[in-house]
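Once you scroll down, you'll see the structures, which are given as structure tokens.
You will see chain A twice below: alongside chain B first, and alongside chain C after that.
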Partner chain A sequence: MDKKNLILKKLDEDVRFHEALSACMNCGICTAICPAAEFYKYDPRAICNIVQMGNVDEIEDLLKSDTIWYCGQCMSCKTRCPRGNTPGMLITVLRKVSQELGYFTESEKGRQQFAIEQIVGKNIVNFGYCVHPDIVEPFMHPEQGPVWKWFRKNIESVAPRFGAVYHQEKAGALRKVDDNSIDEIRRIFEVSGGNELFDTIEKFSEQKASEYHQNADHDYLMKVYTDNSGEHSK
Partner chain B sequence: MNTFDSIIIGAGPAGLKAADTLANFNRKVLLIDTDAKIGGKLNLWDRLFPDFSSSQELLNQLSKNINNENVTLKLNTNIISIKNNDNHWMATDSNGNTFYATTMIIATGFDVFDAHRKEEYGYGIYKNVITSVDLEKILSGEVSIETPSKVAFIQCVGSRDEKVGNNFCSKNCCICAVKQTIELKEKFPLTDIYCFYMDLRMFGQSYEELYRRSQQDYGVNFVRGRVSEISPTMDNKVVLKAEDTLLSRPLKLTADLVVLMVGMEASKGTKILGNQLNINNTDGFVKSTDRYLSDSETTLKGLFVTGTSKRQMSIPETMNDAVNAAVIVNNFLNTL
Partner chain C sequence: MHKRYWNNYQKEIAEDHYFYARSCIRQTFFSGSETAFLKMMTDELGKDIFDDSRQHTCTGIGYHSDIIPLETISTVIARLFSLMTEMGYENFVPSCITSFGILTEITELWHHRPDLLEKTRELLYKATKREFNVPKNIAHPCDIIYKFREDLKKNMKYQLVNKDTGEPLKIVEHIGCHYAKAFPDRGVGGAEFPHVLVGMIESWGGSVIDYPERRHCCGFGFRNYLVQANRGYSLSNSNKKLESMAPYEPDFIVANCPGCTMFLDRWQYTVAEMEGITYDKHGHGIPVLTYEEMAGLLLGYNPWELGLQIHQIQCEPLLDKIGIAYSPEDKYKDAYGKQLFPPQKPNNLIV
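Presenting the complex of A and B:
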């Protein structure tokens, strides 16, 4: 199957695609309510229109662009659409196809998939947390301020003062997630295709890293984590 | 027993015109309305599109023959059930009175969409959000307001909107807004007016020309985009959020006054009677037998339908439809 048919086939095979977009009249109410559209060069109505028109070249450009990665998946658009569409869910589908075909490595925002897979994705299967203080490295999170470094150093004495049970096997914030639960999470990722998606993202990201003559685990990871063209906002 | 040739339920434009026409055929007509006065929704409008003629003047013309000996008018009468018995129609009101006739014409019309249902537009929450019906009172001078500096019109409120269960286009709001923007500009020449639309459906004679005049001669701005929500500002104005879809840019507009162009739903009475007799469409309007060939007939013998109880119509369309219904009813009576 040629690439163009493959894109359409992949969209068509995703049940969410038909749920997300059936008939758009380009009223723009989704863009009007969209928080991302206020800041980014992002227009959910225009995306719906491109997909609805069915021009595969334009859809392919979309899959390779920064555009589909601006959506915050808040689904505000769903609450407003007078035709019952959900542009935010269309974005979900476009992202999945972009991941599966490796097109995400063609854009700056898309390449960040590798960082989020390596950090948030791996955290879930390793620790049972998307975000956990042990993993939020101060040098990668300057927005946390200098206090973050201090907090991490003194976490064992500070955490209980907030009622947290850091690394302990009892109920409360920052508790250790028990091994049985971790096993369950891993099985969920295995049977639901989560692990396969991780592998796909890693495979295409490694290819891209080698194009840049970088090692994926560190240099490329830091590149995608920090690159900012400054061209994203309006 | 009160027996008439025809009972017409609803004394709005359709009912009045049908009664008038049947009376001219020398038919005995009982014209019933739940309101205290005749005219129905015509009373809500001051002037009519596209020629700014007076609605009260039209109503006077229509009601001229109501005192004709052939027409009996019953106001304040709420018909709650219609039945057919041995080829006679019976209409019973909420006080238990029953009226009898050979034929029955449903002219129960439409209701204006209740703008409270689009909560995101803040009708009933922000005092500067009003409906097109409220605006008529300002335009007629019945209600006075200070000169607004910016006014926004929002089209399709309660129409073309799955979220309120109304997929239909109310079709009259587009041109009604054009009429109202011009009237508002004549009243307040310095006011800036923005009209938010999805499509401007100028289907009638000289509608498009009026739309053009509103732009050319009155400087009304038309923005293609549906408004997502309205919120208040610190200085008692409101902010609208929309996308200018022709520029692909989201926008915010601060306005002193917002006019919601409320659509036309099947009226409560239309829904009740249509349901009872099983002759309504899923949208609540009464279904005629065939919109091309027998648009005044229903599937029930001797029961007819006219005007906006069938679908959204303008006043001239309603007039023609009512005459048509009256002719069909008269022909039916001749065959008996």
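Presenting the complex of A and C:
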């Protein structure tokens, strides 16, 4: 199958693509209410137009661009769309296809998927959490302030004051997720495509890292985590 | 006619017997809130709620930052439902607003596409040999507190009233986007007239501030916070809300989403340190509470056991306004009574 037909097929086979976009009349209310459009050079109305027009060259450019990575997934667009469309969900499908075809490494914002996969993805399959105090490192999160540093430093003796059971294998906040549950989560990722997507993100990211002559696990990871050309916002 | 119209904005909230699913973000930053909610359910309301040690993330933060396929998140959720089913429950209560939105989206998808529900059943069984029932009722804990707000009020020691002036406190309520923006019929009041926090505030003596950016996102934006290079997005959107509410001089902000609570707290600290700006007159910032913390304080729970000392915006001015008793010397003790060195003071924000 040629590349153009592959892009259209991949969009078409995702159930969310059809739920997200139907008979858009390009009124632009999605752009008017969008927090990303307020901050970035971003226009969900234009994205809906490109996809609805079906010009595969333009869709391919979109999949390789920073543009599709600006959306913050708040779904405010769904609330106001007079046609019941969800541009934020259309973005989800475009991002999925961009990753599957390796196009995401062509843009600065797209390359960040490697950092998210390495930090959040690995945390899910190793510890059973998307977010946990152990991964909110103060040096990577200066905005968390001195109170967070204090809590992290004293977490073992302070967390129980709030009823948490930090790292203990019993019911409660911040518990250690038991090994059997972690095994089941890993098997779910194996059979449902979760591992395949992780592998895809890693494969294309390692290729890009080698183009930069960088070690993927550290130098490239920190590069994509911190790179900002300063050309994204309005 | 008016009453019938309002009926479109109600939702069904189960009476009792709940399976509780904890939130990655709430237990990370506000674990005292989850503890307080369970205490309210059992000690104040006499309800049956189960907290399973085998539960785990819904993967929602990963899904909305595009590293988790639809089939994977559906099957992970199905495992949570299988725990609920195994323990004999039918009513699912996710602590997180992202989880609540995800559960709404996936169960709605299954409703319209039973083939995808069957596919999820197959995947879960293949991976774990588990089976599950779809919950009869999915309600967020804020829905439940809203439903029983008058019952809780009977046990409250304080009201949302300034003890010196007798005036209702002026409160900003912030509803997390994924509570009802995507599926308005699943939230009390829908997306246009969200009433879930308003109902609590008004029942408990406070008044609600209506301000221009009331329904704007807090700015989390998933990948826009998770990746350091993108955090200007998150900060700017929080700043937009805070600037919009500041002229109304709120006594505090309350949110139903743990992420929103954290961001509206932490970005105030960041703006104070970067720009020397605070959004109140005295340089303390505007306190940001979870709804469990708001209810817990009024019920007389110890603020330091609720975890208010690990907010960056400190709560003492608010406690003093309401007249809530607290022990300053206990603030930085650990769980075993040992006095710890307090956190470093920020340069600009007064704590």
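In the analysis below, the second predicted complex is superposed on the first by the 229 of 234 C-alpha atoms of A that agree within 3 Å, B and C clash if a C-alpha of one lies under 4 Å from a C-alpha of the other, contacts with A are read in each partner's own complex, and residues count from 1 in each chain.
What we mean here is this: contacts are C-beta pairs under 8 Å (C-beta built on N, C-alpha and C of every residue); 3 or more make two chains touch, one makes a residue touch a chain.
All of these numbers come straight from a predicted model, not from anything done at the bench.
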Q: Identify whether chain B and chain C fit side by side or clash on chain A in the overlaid structures.
A: fit
Q: Would you sort A:G84 into first (chain B), second (chain C), both or neither based on which partner it touches?
A: first
Q. What angle, in steps of 10 degrees, lies at chain A between chain B and chain C when each chain is taken as its C-alpha centre?
A. 70
Q) Which partner does A:Y212 contact after superposing on A: first (chain B), second (chain C), both, neither? A) neither
Q.
Under the stated touch criterion, which partner chain does A:A37 make contact with: chain B (first), chain C (second), both, or neither?
A. first
Q | Which of chain B and chain C A:I29 touches, first, second, both or neither | A | first
**Q.** Per-residue touch tally on chain A - higher for chain B or for chain C
**A.** C
Q.
Just to be sure I read the superposition right, which of the two partners does A:R45 touch: chain B = first, chain C = second, or both, or neither?
A. first
Q: Just the number, please: smallest Cα separation between chain B and chain C in the overlaid arrangement, in Å.
A: 5
Q | Footprint overlap on chain A, where chain B in one structure and chain C in the other make contact | A | 38
Q. Can you list the residues on chain A that touch chain B in the complex?
A. 25-34, 37-38, 43, 45-46, 80-84
**Q.** Complex interface listing, chain B residues touching chain A
**A.** 120, 156, 160-163, 198, 224-229, 241-245, 248, 250
**Q.** For the chain C and chain A complex, residues of the former touching the latter
**A.** 22, 24-25, 27-28, 31-32, 34-35, 51-57, 59-62, 64-72, 74-76, 79, 101, 109, 113, 116, 123-124, 126-128, 130, 177-178, 181-182, 184, 191-192, 215-217, 219-224, 226-233, 235-237, 240, 266-267, 269-270, 304-307, 309-312, 333-336, 338, 340, 342-346
Q) Any idea which chain A residues touch chain C in the complex? A) 14-16, 35-36, 38-40, 69-70, 72-76, 78-79, 86, 92, 95-96, 99, 109, 112-113, 115-117, 119-121, 124, 128-133, 136, 140, 143-151, 154, 157-164, 169-175, 177-178, 180-182, 184-185, 187-194, 196-198, 201, 224-228, 233
